[in-house]
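Paired with subunit B in one complex and with subunit C in the other, subunit A is shared by the two complexes that follow.
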Partner chain A sequence: MRKTITIILLITAVFVPFIAFNVLPVIGDPSSAPNTHVSDHYIEHAIDECNSPNMVTAVIVDYRAFDTMFETTVMFLAGLSVIMILANRPKKKIFAPSSLKRFRESGHPIYKTVNKDVMISIIEPVILIYAIYVLFHGEVSLGGGFQAGALIGMTYLLDVMVVKREKPIFNLPKKRAAAIAGIGPFIYALTGFISIIGGGLYLEYNKFPFPIHQAELHSIGITAVEIGVTIGVAGTIITILNALMERISFDDDIN
Partner chain B sequence: MMTLINTFLADKGIYMLTLLLLSLGVAGVIVCNNYMKKLICMNVMQVAVIFFFLCLGQKSPGTIPVAMDTVVKASDYINPLPHGLMLTAIVVSLGTTGVGLSLLLRIREKYGTIEEDDMLRREELMTRVEKNGGKRD
Partner chain C sequence: MTLILQAVLLLGLIGITLAIIFGKDLMISVVIYCAFSFLTMLLYNIMGAPDVAFTEAVIGVISTVFFIIILKSIDRKTK
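The block that comes next holds the complex of A and B.
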């Protein structure tokens, strides 16, 4: 039954769009509908309106700042809902099936050339420096808050998954990590209220009550918002990771 | 004829590929019995949608949307709007994957399996035991 439904669906999915291909624009056509109307305004006015050479950052945190704010809130809510779903006390940890037990040495691979603990402690600071670089270059060149948050979360993930420690360096159980993730949307929302204090609209960066040049105010606003996004995303990744990791265990765990 | 096919593939071919990816994801969600595989197929679907939006933002002589002093025309930069939208979509897909994984953990704790057939069998057994007053017949 499911197979036939799938086959019908696949056939329609492959053949019906031949009718609709006339509607879709040619790839790389500069005068197609998605590439003309509002996109040209973003490209031409990103520098003088937002002081942000990176147009993607200008679009997501200046022109569409509300969108990104609630997007960060959605990330925070995803972390919260993971905590709520996994809020009951587990009866016992889920272990790997017993058929895997005979490969007991598979959890302790012998590295003849590179020691992974040493290697990871060299790599992690480099990733963190790169994350900070990506964060603060969000508005001048390639980078942004989401990517920096993902990199920081990735560093935590590498440290938890690769290195075996009796006690973790940063003890972030899921509730504490969710509190950190909540700081991110809070910073974002607070940035909006600062511009209200200066007499502007919500998230109108050039009305900040600081005595500096207009263009600099936009840079400050974008950077503050990006820091909020970074903290939110990194905290959410750590929340999801820790909420899942405290329920499962692997063959080569210490306890 | 050959040139016709070639121009069609160069102009609209990438839409076919993204559509193939999307339908593969839908087919996987329908066919797979394992819930983990269903989650993976859902991610494949999301990637197909992201590809589709990024295709719409392409311009053929365009460069990355970071303003340079030497390039001033708007038609020389690719469209930043789909990139911005898809950036947030990628992050939200991470959130949905996390919620899905936590649901899978709960299912695994309740039923001892994430295969749909085994789950249905187990559920049937549990209702029968309940009807018999806690006894297996």
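The block that comes next holds the complex of A and C.
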């Protein structure tokens, strides 16, 4: 019975997209919406309407904010499915190659040249500050929520993989990391409701109920949404890392 | 000039892909995959999409680290 349901679901999942593809415009069709007026509208009016010098940010989190919200949700679901598939299997014990261990214990010069703990500890704050800069400067220059979240996730990854601490500064077990990954899309969705309170449409940043200039309203909206994306991406990366670490337990440190 | 640079980078991508496919050592394949990511980043940058290039640079590093973690649990050499 369960097998039949699975097979029916799989066949539906394969064939429904094929039906949907017929409705989409052909790639490169000159009469499709993006090739006639939509792109020109974005290029001409992005600065007036969204007050964002970076047109990519204007399109992603202002014109197509609803689309990006579900992209963030899809990423959160991807992280969840990775941890659900990998974490339910028995652990596998890994033994480090003995040659490396012998070198380390005898104090081979390879292991005395650079103190990698200190090196990574110096690099980490720089990456974090850069992530914050990318997040809050995203509407003006390069970057945005996704890149900032990836940088924060990378910092955690480096800290866990390289630095040997007695007690980790941020300890995010798998449940907590998955919860953090879920908070991101939640913040994003909540931002949309603030504009409904002000009498606008969902995620319409002009209608925020704050008595400030329109450009600042847009800036606040974009920043709030990007904070949501950042938390979602960072949480997803940490969740996947936890899933991989759950699968294998190291006998020795990784490098 | 830009066209020549793009052609060189695309040829490099093809070469790197072949090296990844036919490599016998998975560790070397993973490290070369990082180079693939770097060349893609350069390509995006030349084509005028620095936002995408930035994402590619960060995600390339993260996925390489994930692959290296996974390599600890499987056999490194291919049969």
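Structural remarks
Heads up, the rule we're going with is that the second predicted complex is superposed on the first by the 187 of 255 C-alpha atoms of A that agree within 3 Å, B and C clash if a C-alpha of one lies under 4 Å from a C-alpha of the other, contacts with A are read in each partner's own complex, and residues count from 1 in each chain.
As a convention for this text, a contact is a pair of C-beta atoms (placed from the backbone, for glycine too) under 8 Å apart; a residue touches a chain by one contact, two chains touch by 3 or more.
Keep in mind the model is a prediction, meaning the values are calculated, not measured.
Within the superposed three-chain model, A:6 lies in touch with subunit B and out of touch with subunit C [touch as defined at top]. More residues of subunit A lie in touch with B than with the remaining chain of the pair subunit B and subunit C. Of the two partner chains placed by the overlay, only subunit B lies in contact with A:78; subunit C stays clear of it.
Residue contacts after overlaying the shared chain place A:144 against subunit B and subunit C alike.
Looking at the shared chain after the overlay, A:56 reaches both subunit B and subunit C.
Of the two partner chains, subunit C is the only one that A:154 touches; subunit B does not reach it. Of the two partner chains placed around the shared chain by superposition, subunit B and subunit C are both touched by A:240. With the contact threshold set out at the top, residues 54, 56, 94, 142, 144, 146, 150, 237, 240, 244, 247-248 of subunit A are in contact with subunit B in one structure and with subunit C in the other.
Put simply, subunit C touches subunit A in their complex at residues 50-51, 54-55, 58-59, 61-62, 65-66, 68-70, 72-73. Residue ranges on subunit B touching subunit A, taken from their complex, read 10-12, 14-16, 19-20, 22-23, 26-27, 30-31, 55-62, 64-67, 74-75, 77, 79-84, 87-88, 90-92, 94-96, 98-99, 101-103, 105-106, 108-109. Residues 2-3, 5-6, 9-10, 13-14, 17, 21, 24-30, 32, 34-35, 38-40, 42-44, 46-47, 53-56, 58-60, 64, 67-68, 71, 74-75, 77-79, 81-82, 85-86, 90-91, 94, 141-142, 144, 146, 150, 233, 236-237, 240, 243-244, 247-248 of subunit A are the ones touching subunit B in the complex. For subunit A in complex with subunit C, the touching residues are 54, 56, 92, 94, 134, 142-144, 146-147, 150-151, 153-154, 157, 161, 237, 240-241, 244-245, 247-248, 250, 254.
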